[in-house]
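I have a structure here, written as structure tokens, and I will follow up with some questions on it.
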Amino acid sequence: MAVIITIMAFELKTPATANWHGLQGRIPLLLVYILSFTVIGIYWNNHHHLLRATHRISAGVMWTNLHLLFWLSLIPFATKWVGANHARALPAATYGVVALGAALAYFALVRAILRANVDDDAIVAAIGRDVKGMASPVIYVAGCGLAFASPYLAYACYTAVSFMWLVPNRRLATSASQVR
Amino acid sequence: MAVIITIMAFELKTPATANWHGLQGRIPLLLVYILSFTVIGIYWNNHHHLLRATHRISAGVMWTNLHLLFWLSLIPFATKWVGANHARALPAATYGVVALGAALAYFALVRAILRANVDDDAIVAAIGRDVKGMASPVIYVAGCGLAFASPYLAYACYTAVSFMWLVPNRRLATSASQVR
Amino acid sequence: MAVIITIMAFELKTPATANWHGLQGRIPLLLVYILSFTVIGIYWNNHHHLLRATHRISAGVMWTNLHLLFWLSLIPFATKWVGANHARALPAATYGVVALGAALAYFALVRAILRANVDDDAIVAAIGRDVKGMASPVIYVAGCGLAFASPYLAYACYTAVSFMWLVPNRRLATSASQVR
Amino acid sequence: MAVIITIMAFELKTPATANWHGLQGRIPLLLVYILSFTVIGIYWNNHHHLLRATHRISAGVMWTNLHLLFWLSLIPFATKWVGANHARALPAATYGVVALGAALAYFALVRAILRANVDDDAIVAAIGRDVKGMASPVIYVAGCGLAFASPYLAYACYTAVSFMWLVPNRRLATSASQVR
């Protein structure tokens, strides 16, 4: 994930001119970059807590993990497209589709880990009801739809999901640090 | 391998226009991307199972490993070329040559690991007859040839190999999780 | 961080012509590259010593760590812009803003680690007063301001910070090697 | 180093046309890529054996390690330039300067490890006289000079160094596997 973040950073094209006007032209791209950085940072952090609390890795876990990586690897693509066309509906909706794919893949990863550790009460209790994991896809779907009304509504939805996740699942973090 | 995947993702050029027409023009590239992602994901997964079950690493293992990485590192190149010229024979055949090189390198890596662990019955039994490892190069060669009849036949061959590998070697996965 | 360094290296555009004149045109970019390489190398090295001496990682440590990565991930962007416009004030000041962000993020990371290990006398003593951590932001702010007088004064400030850091915190390095 | 290799692979520009003629135009770039891949693969392999046999890491080891990484990070730059101008003297000589820098940095790294482990007879004996480490810079210097007579003589020198290194230091590999 560090690589995905850096690749995105690499895509931050330098302004065409070396003055304030040139820098201003990069502000939309910079804002989407911050959003994408936050999204990937959240997955990274939660993914880290999740795998640390996990004792058994099945083949299913590995494949769902790759599936999550697939969607995350599309985020730089979506970021770049939105950054160049932030006022257009389709790039904004595409960003939502990619974010939705990642959210569903993360949800599936959590399920696969639960299946592989079904007899481990600690991890089952720690993951708990995973309300955020269920709410995120819904909000992303809403964002995709709203993009065709106004792309800025879509960005508001995506940002809302990020804020919702910024606090990691307290129970999981606690059990993880005990496991360590 | 995560890096190779991400570099490929980075090559997913954004559509020239911010509408459906622009997105459609990226569909061939996106499909080849999914194929290449699957190919690398399969190597990653099997490679992971393989090295986990391995107790001894010889210099030969390290060099065959680098050899495999060499061919995998050419996949983004082939992906990009096919993505831009999916209806042409030569890029399709080139993709097959790169995939063939990777398949032969993986086959050699398995042999090198077997040689380095010749007295370890568990790993010898786990790798077993490696039918897939022998079938893959044959299908890739067929794909290269068929590319000059129709590139789509070549893509069908490459996709068939991926489907064949999508289930990891059950015996190896089992012994690997015991080893853990 | 290895990735960030390599991405920057990748941005070293080859000279337009294959002669001395072409190579000369890349010298400013090469010098900024060396500065940025040193800056990231210093963070890498100190970060390595810091985390090695740390026994407890809290959620706060992880987030401040991501925050540091965010600013470091902008360094290739700033490097590229300065490399293409080394005689202009705004790129030089922007470089300073990014370096300032990284310095403040590192400072916050050190605080977060101290908070998480408040009862560990060894680490508290090892980090000590962190004079460099407090001096760096001040010098970077000075550099940003001086960039509008002359960008070369700004580069002098940034280089001075790097020289100041090139010797790692002796006490921390010592305690780290004992911990090992 | 995996990242450097992949970045280089990424720079393999796809042929301008989808036919044999287009592919032929990429052959010089592909050959330099194979040379650079081998060079980095050799450093990777020897570096791996070296660090595995090492018991103590000093600050000096870390800095010489970063210094080696600096020169290796310039190899993609040199590769790209040679690949686009393989018949010109200056790119060929520049490649040699970068390779020379890496060879000297590796030599310094070996010295730093020896200094940090001066009382460890096993590693001192394993590294031994390091004849290759001393011969490589000499051959690279010769290659840089010969580039101005004919770039192909320079490529012959660089290739000769790679062949010389392809067999890892047997004594070190042996002691490393015992250490394991």
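When the chains are written out, they are named A, B, C and D in that same order, and each has its own residue count from 1.
The rule we apply is simple: a contact is a pair of C-beta atoms (placed from the backbone, for glycine too) under 8 Å apart; a residue touches a chain by one contact, two chains touch by 3 or more.
Quick caveat, the model's predicted, so the values are computed rather than measured.
Participant: Check every other chain and keep only those touching both chain B and chain D; list them.
Facilitator: Expected: no chain.
Participant: Just grab the chain with the largest centre-to-centre distance to chain B, centres being mean Cα coordinates.
Facilitator: Chain C.
Participant: For the copies chain A and chain B, give the interface type as same if over half of its residue numbers appear on both sides, and as different if under half do.
Facilitator: Homomeric contact, different residues on each side for the most part.
Participant: Using Cα averages as centroids, what's the distance between chain B and chain C in whole Å?
Facilitator: Centre-to-centre distance between chain B and chain C: 38 Å.
Participant: Based only on mean CA positions, could you tell me how far chain A sits from chain C in angstrom?
Facilitator: 27
Participant: Give the residues of chain B that touch two or more other chains, as numbers and ranges in rising order.
Facilitator: 3, 7, 10
Participant: Building nodes from the protein chains and edges from chain pairs that touch, which of line, ring, star, complete or other describes the result?
Facilitator: ring
Participant: Sort out for me which residues of chain B touch chain D in the complex.
Facilitator: Listed in rising order, the residues of chain B that touch chain D are 3-4, 7, 10-11, 56-59, 62-63, 66, 69-70, 73-74, 76-77, 80-81, 84-85, 88, 90-91, 94.
Participant: Any idea which chain C residues touch chain D in the complex?
Facilitator: So the residues of chain C in touch with chain D come to 2-3, 5-10, 12, 14-15, 18-20, 22-23, 34, 37, 41, 44-45, 48, 168, 173, 177.
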